[in-house]
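The same subunit A turns up in both complexes below, where it pairs with subunit B and then with subunit C.
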Partner chain A sequence: MSAHHYVVIVGCGQTGSRLANRLSAQGQSVVVIDRRPESFAALSLEFSGFSLEGDGTDSACLEQAKIGQADLVVAATREDAVNMMVAQLAHRVYRVPRVVARVFHPERASFCRELGLTTICPADATADAVLGLVGFGNSSCGCREDS
Partner chain B sequence: MNRIEFLASRYRAILAYTGLMFLLVAGLMLTPLLVLVAWPDEAVQAACFIVPAVVMAGAGWILWRMFRPRGAAVLSAAEGGVIVLMSWSGAIFASAMPFIPAASLNLTQAVFEAVSGWTTTGLSVVDVTQVSHMVLLWRSMMQLAGGAGLVVIMLAALAGPIGPGLSIAEGRTDQLVPQVRRSVRLVVLIYGIYMVLGVGGLRLVGLTWFDAVNHAFPAISTGGFSSYPDSVGHWDRPLVEGVLIGLMILGNLNFLTAYLLLRGRLRSVVRNGEIRLMALLIPVSAVVAYLATCRALYPAPWKAVRVAVFETISALTTTGFQTVTYGSWNGPGVWVLIVLMLIGGGVCSTAGGIKQYRVHLLFRVMLGELRRLLLPRSAVVSEPLWQGEYKVFLQDAQIRQVVAFVCLYLSTYAVGSLLLMMTGSALEPALFEFASALGTVGLSVGVTARGAHPVALWTMSTGMFLGRLEFVVILVTLIKLGRDFQQAVRFTSRNRV
Partner chain C sequence: MKILVAGGGKPLYFLCRRFLAKGCRVTVVNRDADECGRLSRQLRAIVVHGDGTDPVKLEEAGVREADVVLAITPHDPDNLVICQLAARCFSVPHVIAVVNDPDNETAFQKLGVNAFATTRIIAGLIEQRAAFQEITSLIPLGEGRVIVTDILLQADMPAANRSLRELELPPDALVACLVRQGQAVIPRGGTQLLPDDRVMLISLPENHGPALRAITGERKGQART
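Right after this comes the complex of A and B.
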């Protein structure tokens, strides 16, 4: 990724904050949304984006983050339902070109994929990684990209 | 890695970036040579600029080569503060050097002139009728670069550390877009637009190219150096004053506000507290200055109105262009200018002073407290403010910071003006001149002069430096340097035993 991208990340937990720090250090424009302002403490010195206190399922909040301009939206809160909701909003309503949702529950994750959302399921991803590590590849991919 | 090794690695990165800034300053110091195209006979003075530039470039190159970090380093705001303090001090001393031979100043006067340039103040001890075009252009270039800030120029033009630490340390707290590097480039772009508008505008109203450059650069950087001893009063033409008023107001705008304006977000601009405060302050103070002072002093009514408007805007935007001298101004007029100079321009702009944002915030806090007294005890009062495009509610932490800053500012003002009085100024000129220095304004009632007491000049130099870099950074950086030094000393002495 050498070109410039505008990224909105919903949820500033361990995943969201790491992603935000790395993208910001790369030179991307990053806006992080979280309900609790304390969670922004996880953002490092590399982070030079904006942090927005608010509810990621609230369209006013998403619009304040200028989601309409976004090239990528990542939904990484700790709630599957919130992530699915945010991802659908970004995909359907705001027509964001790339949307990634993290969904913990594998069944919900496959349902999400049926809706046409790029979905990462940590459980599937770990299983894949283990299988790949021991050389028994061939399985359904945890971070399959279908849209 | 123990604490000392860690410190050493941090300071290596700090020195490397300081070196990079030195290289930038060296490059800037060569720009006055451009006037040789038009005035080749001034080549005798070229060495005054080339020698310090070469020394600066050499120092910068050595630092950068020796300590260059692998990849881009990540700096905290405190570490950014060390870079800002060292590179600004280096830039000021290097920039003072040409004045010693080329404008026949002593070291104190030369440093004063350089500080006044880089901090975009505009108080001057150079006799502008006697010096070469090169010196005049150099004064304007210092203001142009000082207005944007060394960090902003470096981050926009060259590689730099990752993260917002460095630009925060230079007082650029508002970011335009969610990536510091792009934000900084936008600032330089907006500044470039001002520059073109300024030079073009002044050229259109009939100034020569050289005069246009030497008044456009100081106007947009709210600096206020002029190449004439009677400043803008030299022309005494309404059109010139009109263009300069426009440029000064642009220069005093928060870059975030300017960005919104550029993108046509007029609603967000109109809702902004700084804009509202400015829209109130300028007419009110111009009317007071007109009624109390100018009406009696200048017989032609049109002239009196022009003077009242121009001087108040020049004071509030902390530019420091003058169309008249204040020797004959009475109490109310001088008072209006002092108050405006203390308030100053927009936060995150090229202007100085306490800043309109802080004054507006304190005013809102005061109103909120009054309202609270009239409401039931359990009522929750929240004060909304518009910042950029967002509505935010006043946080206690914000209020604390602002109160601490204003307290520090006013205490420094008290001490500095006392020092000026102890070197022989009367009360009124001392209060005026130090408000002007601390707010990086540049209006003068005559305390600033070649013959001024060295202590007075150093006091004002310190005031300008503190005012431009917003106190807190300098204080925190000095404390950090002291602590780190103490640790290093303790470590080496323990090793020796």
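Right after this comes the complex of A and C.
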């Protein structure tokens, strides 16, 4: 992503906050949504985006974050079901061109891909990375993308 | 009929009791071990301890044989995922989510899941009961998409002493039955509506107000001009 993009990140945990900090450092416009305002402490001093306290499964909150204008939505809360709902709303209701869901449970993650969502499963991604590292890697499914 | 219910709390308990009384086979999936223990003692149902959003757990609970899956957890995203898994992975013919946030009714609908909010139904009932004293019962059917209203006809209401044909009912509203002096009458166009008749009105929610007004006149509390 070299050009300027508008990114909405739902969930400001370790993944969400790191992603927000890095995208902001690249000069992208970022809005981070989290239910717990204390989680925004993980955003760096240089973070120049917006933080929004709210529930990412609530359409009013997503609309407040101007999700309809987003080029990318990342759902990275700690709950799989929340990420799946956010990603589906972004993808199917708000027609966001790129949507990524983080889903911990591998079975749920593969179901998510059946729903047409780009899904990252940390367990699969780690397994892929380990296999790749030791030279046994062949089938990658950690962040496979379905169209 | 086999029903799988995911969730907990009093609503789940009483719903399951009702399903069982009607002769359904019921399986409950609940995350809380203590509640599972309690439910398995109180209900003649199979109780599975686990997370309903986990496809492995759903399969263990026999979701493939279920005719209906009902998701009534307090967490709407879980209800969405449970219903989507049941419908898409396990081909369950009927899946229903009970949502906590009424706004999620439309959100779920857009994502292909049938949903209704009990708060919306209750609020609708209260509003309508409060507005019309003569209305003694209101039953939402079909997930609240059809309303059955029972109106005790008063002499000063516009429908009194008129035939059904003369009533200007909006579309999607029907006077289905009259109860006159204890006798049920299925009315035809020429049937006269008389004071003290109980009128059973069937309507869609969007036409409920106009249909009621056609029978009872202006709302109570509003000036009659």
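In the analysis below, the second predicted complex is superposed on the first by the 146 of 147 C-alpha atoms of A that agree within 3 Å, B and C clash if a C-alpha of one lies under 4 Å from a C-alpha of the other, contacts with A are read in each partner's own complex, and residues count from 1 in each chain.
Throughout what follows, a residue touches a chain if its C-beta (ideal position, glycine included) is under 8 Å from a C-beta of that chain, and two chains touch if they have at least 3 such contacts.
From a predicted model like this one, the values you see are computed outputs, not experimental measurements.
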Requested in this report: State whether A:16 touches subunit B only (first), subunit C only (second), both chains, or neither.
Outcome: neither
Report task. Return first, second, both or neither, reflecting whether A:49 touches subunit B, subunit C, both chains, or no partner chain. Result -> first
Query raised in the report: Of the partners subunit B and subunit C, which touch A:4 in the superposed model: first, second, both, neither?
Result: first
Query raised in the report: Is A:92 contacted by the first partner subunit B, the second partner subunit C, both or neither?
Result: second
Report task. Go through the superposed model and pick first if A:29 touches only subunit B, second if only subunit C, both, or neither. Result -> first
Query raised in the report: Is A:64 touching the first partner subunit B, the second partner subunit C, both, or neither of them?
Result: first
Query raised in the report: Is there a shared patch on subunit A that both subunit B and subunit C touch, and which residues make it up?
Result: none
Report summary line: Listed in rising order, subunit B residues that touch subunit A in their complex are 74-76, 162-165, 175, 177-183, 389-390
Requested in this report: Enumerate the contact residues on subunit A facing subunit C in the complex.
Outcome: 57-60, 79-82, 84-85, 88-89, 92-93, 105, 107-108, 111, 114-115
Report summary line: Residue set of subunit A touching subunit B in the complex reads 4, 6, 24-25, 27-31, 44-50, 64
Requested in this report: State the interface residues of subunit C toward subunit A in the complex, per the touch definition above.
Outcome: 53-56, 75-78, 80-81, 84-85, 88-89, 101, 103-104, 107, 110-111
